[in-house]
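Below, chain A partners chain B and then partners chain C, in two separate complexes.
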Partner chain A sequence: MKSILCVENVTKKFGGVAAVNKCSFDVTQGTITALIGPNGAGKTTLFNIISGIQPLDEGRMVFQSEDITGSATHEIARKGISRTFQLTRLFKNLTIKQNLLVAKEVSDVVLKKMLVSFGVKKSLSTKCTDLSYGQQRLVELARALLFPHSFLMLDEPTAGVNPFVREQLKKIIRCAAKNGTTVLLIEHDMDFVMSLSDHVIVLNEGCVLAQGTPAVIKKNRRVLEVYLGK
Partner chain B sequence: MAFSAYLIHLGILSCMYVMLAISLNLALGFTGMLNLGHVAFFGIGAYITAILSMQGLPLWLTCILAIIGGLIAGILLAFPTARLRGDYLALATLGFTFIMAAIARNWQSLTRGALGIPGIPRLVASNEQYLFWISLSTVIVALLVSWLTKSSIGRTLQAIRDDELGAMVLGKNVFAYRMLALGVSASIAALAGFFFAHFITFIDPSVFSIDDLILMFAMVILGGLASNKGSVIGGVIIFLLPEPLRFIGFSSSIVGPARAILFALILIGMLVYRPRGIFGKVDLS
Partner chain C sequence: MSSILAQLLLNGLIAGAIYALVAAGFSLICSVMKFMHFAHGGVVAAGAYFLFMFSQWFSPVPAILLALVTTVLFGVFMDWSVYKQLRKRHASNAVLLIASIGLMILTTNLILIGFGADVKTIPLAQHNPVYTILGARITLIQVVIIATSALLFGLLYYLMKCTRLGKALRAVADNNAIAQTVGINPSRMYLATFILGSALGGIAGMLIGLEQNLYPSMGLSLVIKGFTGAVIGGVTSVHGSILGALVLGMVENLGIWYLPSGYKDAIAFVLLFVFLLLKPEGILGKRFERG
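This part shows the complex of A and B:
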């Protein structure tokens, strides 16, 4: 099994406090990997480090056997890393169509088909501030999927979306993985994580606490203590 | 001055301001850069034109060199301000305007300082012909900018304006796009400066005046951010609005402040009743 992303000893401090602390893990190509952990564990910070938004203090990152440590965000993206944000970041004065076209130039037909398959019943010319929060999340996900990538990072995709859309999301993510995309997702919804992922990494206070298959993680006593609160 | 000559005069200056408003809107409205250096690009264009045409360079060449000079100035300004946003960018670019004004005032061997440069050759003999050329340029500029802002480049500029991070994770080189917007915007402002120098035939450091900068901002805000149509309408309205004051018979010492009060009232009225301007569709926050 080939790893597509290696995170080696990555440390990030905010004013002396390590949000991410000597963190190392590999993401295997073609899998769905979940990154879980309590609030403030450093998950989002880790995403921002991988996409080059926040500089790291120590360590390095290798993507498809290429060192991407210290590369600019747009360069890292162009290597094939696409992502969404914990709080959606749509281009607020632009329409759905314009938002999607920034990711990739495709025809209206493709865009419409995509919206339908995501269950967003809005015309392409809708301004994205006129969408509900859940719809905004879906459009952001559609945008991330349109952008040419081999690696997809999702920061809490199910936050604020209803159970029906949640099932849609599962299908969409599974479908992406089936088509060869490697997925790394942050998620608090345990049912979602356990039913979807091949591999789970548990982060606590910036360190990797445990990792393994969902079945293994579910039984890990330390994980139960710090995270699942049992 | 005969009334028709007066109208031609107004037409020429309207075109000049429309070019300035369109180009400012490219940086301000479409790309979200609070650029107070815009009047400096205009002044740079005017000075390049004046200095070179006094050396006897042909018109077409001074025109091209003024545009290139503006382009280079815009690109150069993009470097030190690369990491600045919002108010900080505004302050830094205002500083750029002051520096350019100071150079024009103090580099006497080149600019004759406060004495200014008189006797700049006219572009064409008659003002009718002048109106033709500046109208043609304005139409070309308007078409070019409207094409640019509708293209995928324009879409990316607007995406960057709304959310830089969102654009970066979609592989967009934000610095390169901002540099492009500033460069194109500056070269058009410099072209307006070229026309100004040849029309007035005299320039001095007052081409870097903050009053003109405020005028340009009023035009863009009245017309609407990120609207090329708005830049045209706003440019013409703001430029022509104070003109009737001339005919009321006020002394010039009253006309100046009256203009300023008029613009202030318009801006306050717009901000209260129509913050997006006449044609604007975007909110900057």
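This part shows the complex of A and C:
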């Protein structure tokens, strides 16, 4: 199985505190990999480092055999890494259509079809601020999927969304993976993670605590102790 | 009475068109870069003086083109030499604002050194026939000012709404960090912003130079009018700024129906304070946020 992303000894410190500490893992091409861990484990910091939003202090990252360490956010994005955020980040002053067209120029027909398949029954000219939180999540995901990519990073996609949207998200992520996209997601909803992921990486205090299939992780004693508090 | 009203309305439209060109460039830069580029006034003045300089040596068309290109380069140079260096050092908006005021003063002084303190007239403007519309008099240059402004606003609207560059600029103006995650290079957008903004400012300067006399500090008074128009319409909205500047031109000129013409600037500032106090986001703008 070929690795699409290789994170090697990545360290990020804020002041004297290491949010990510010599963290190493590989993400296999074509899989759905979940990054889990308790609050403050360094998951979002790691996402921000991979997407170039935050610089790393040590280590290196290789994406599709190319060193992307120190590359700017837009350069990393253009290499095929698309992402969503923990707190939905849409262009607030733009409409749904304008938000999506920033990612890729496609026809209105394609956009409408995409939104319908996502369960967003709103006009393309709707301002993003007029959407519910769940709809904003879906539009953000649509934008991330529309942007030319091979690697999709989703930061807590189910946070604050209702069960219907949650199921929609699951279908969309599965469909993306089926179409060749490698998915790396951060998630706290364990049912969602275990039912969707091929591989799970557990972070604790900025380090990789364990990794393996959902079945293996479920039985890992250290994970249960640290992550589930047992 | 009606011919006086028609004349004041026409004068208001002419003044508003000029202010709107200044305001459009100022607002475009402000919305994308998230700071007040008061040195835009220097770029406007540079446009007028470059046209004055080139018109001494060349016929009108090459002189105008050369003046436009030089003004754009001047505006881009301002960004590259000062703002870009400050951005690299993560300077705050307050620092950028102070730098822009410094650049405005520096530009005025450079004009003073290069061209002297005396008032200049662009020789291209010497043949200027007068027409009468509904009892109001308008010169050929004033017709050109209104027509050019209308054309530029149309082109700007098309660029911002219908082109990929416009969409990318609006995305950066909305949220620079997210724009980068969809592959938009902010440095290129900043460059494009300064090219477009300086071109608008340069054209405004050239048109003003054809209509009025040139003096070294002309940029300061114009950028204040452009800024006032932008505040009225909404600093972060290019279209709002154009609307606000047109309102300013009209109010200034209709105001002097009742007040001496010397109060023109006072009218503009009263309007500025009214908007700053009661509707600081302007007619179409959003509240100014650091992006």
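FYI, the second predicted complex is superposed on the first by the 230 of 230 C-alpha atoms of A that agree within 3 Å, B and C clash if a C-alpha of one lies under 4 Å from a C-alpha of the other, contacts with A are read in each partner's own complex, and residues count from 1 in each chain.
The criterion applied here is as follows: contacts are C-beta pairs under 8 Å (C-beta built on N, C-alpha and C of every residue); 3 or more make two chains touch, one makes a residue touch a chain.
Everything quoted here is computed from the prediction, not taken from an experiment.
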| item | value |
| --- | --- |
| Clash or fit (per the criteria above) of chain B with chain C on chain A | clash |
| Touching partner for A:175 - first (chain B), second (chain C), both, neither | neither |
| First, second, both or neither for A:89, with chain B first and chain C second | both |
| Touched partner set for A:224, first chain B, second chain C, both or neither | neither |
| Which superposed partner A:53 touches (first chain B, second chain C, both, neither) | both |
| Contacts of A:78 with chain B and chain C, given as first, second, both or neither | both |
| First, second, both or neither for A:101, with chain B first and chain C second | both |
| Partner chain(s) touched by A:110 [first = chain B, second = chain C, both, neither] | neither |
| Those residues of chain A which chain B touches in one complex and chain C touches in the other | 51, 53, 72-74, 77-78, 82-83, 85, 89-94, 98, 101-103, 105, 143, 147 |
| Chain A - residues contacting chain B, complex | 51, 53, 72-74, 77-78, 82-83, 85, 89-94, 98-99, 101-103, 105, 143, 147 |
| Chain B - residues contacting chain A, complex | 152, 155-156, 158-159, 161-163, 165-174, 226, 281-283 |
| Residues on chain A engaged by chain C in the complex (per definition of touch) | 51-53, 72-74, 77-78, 82-83, 85, 89-94, 98, 101-103, 105, 143, 147 |
| Touch list for chain C against partner chain A, complex | 164, 167-168, 170-171, 173-175, 177-186, 286 |
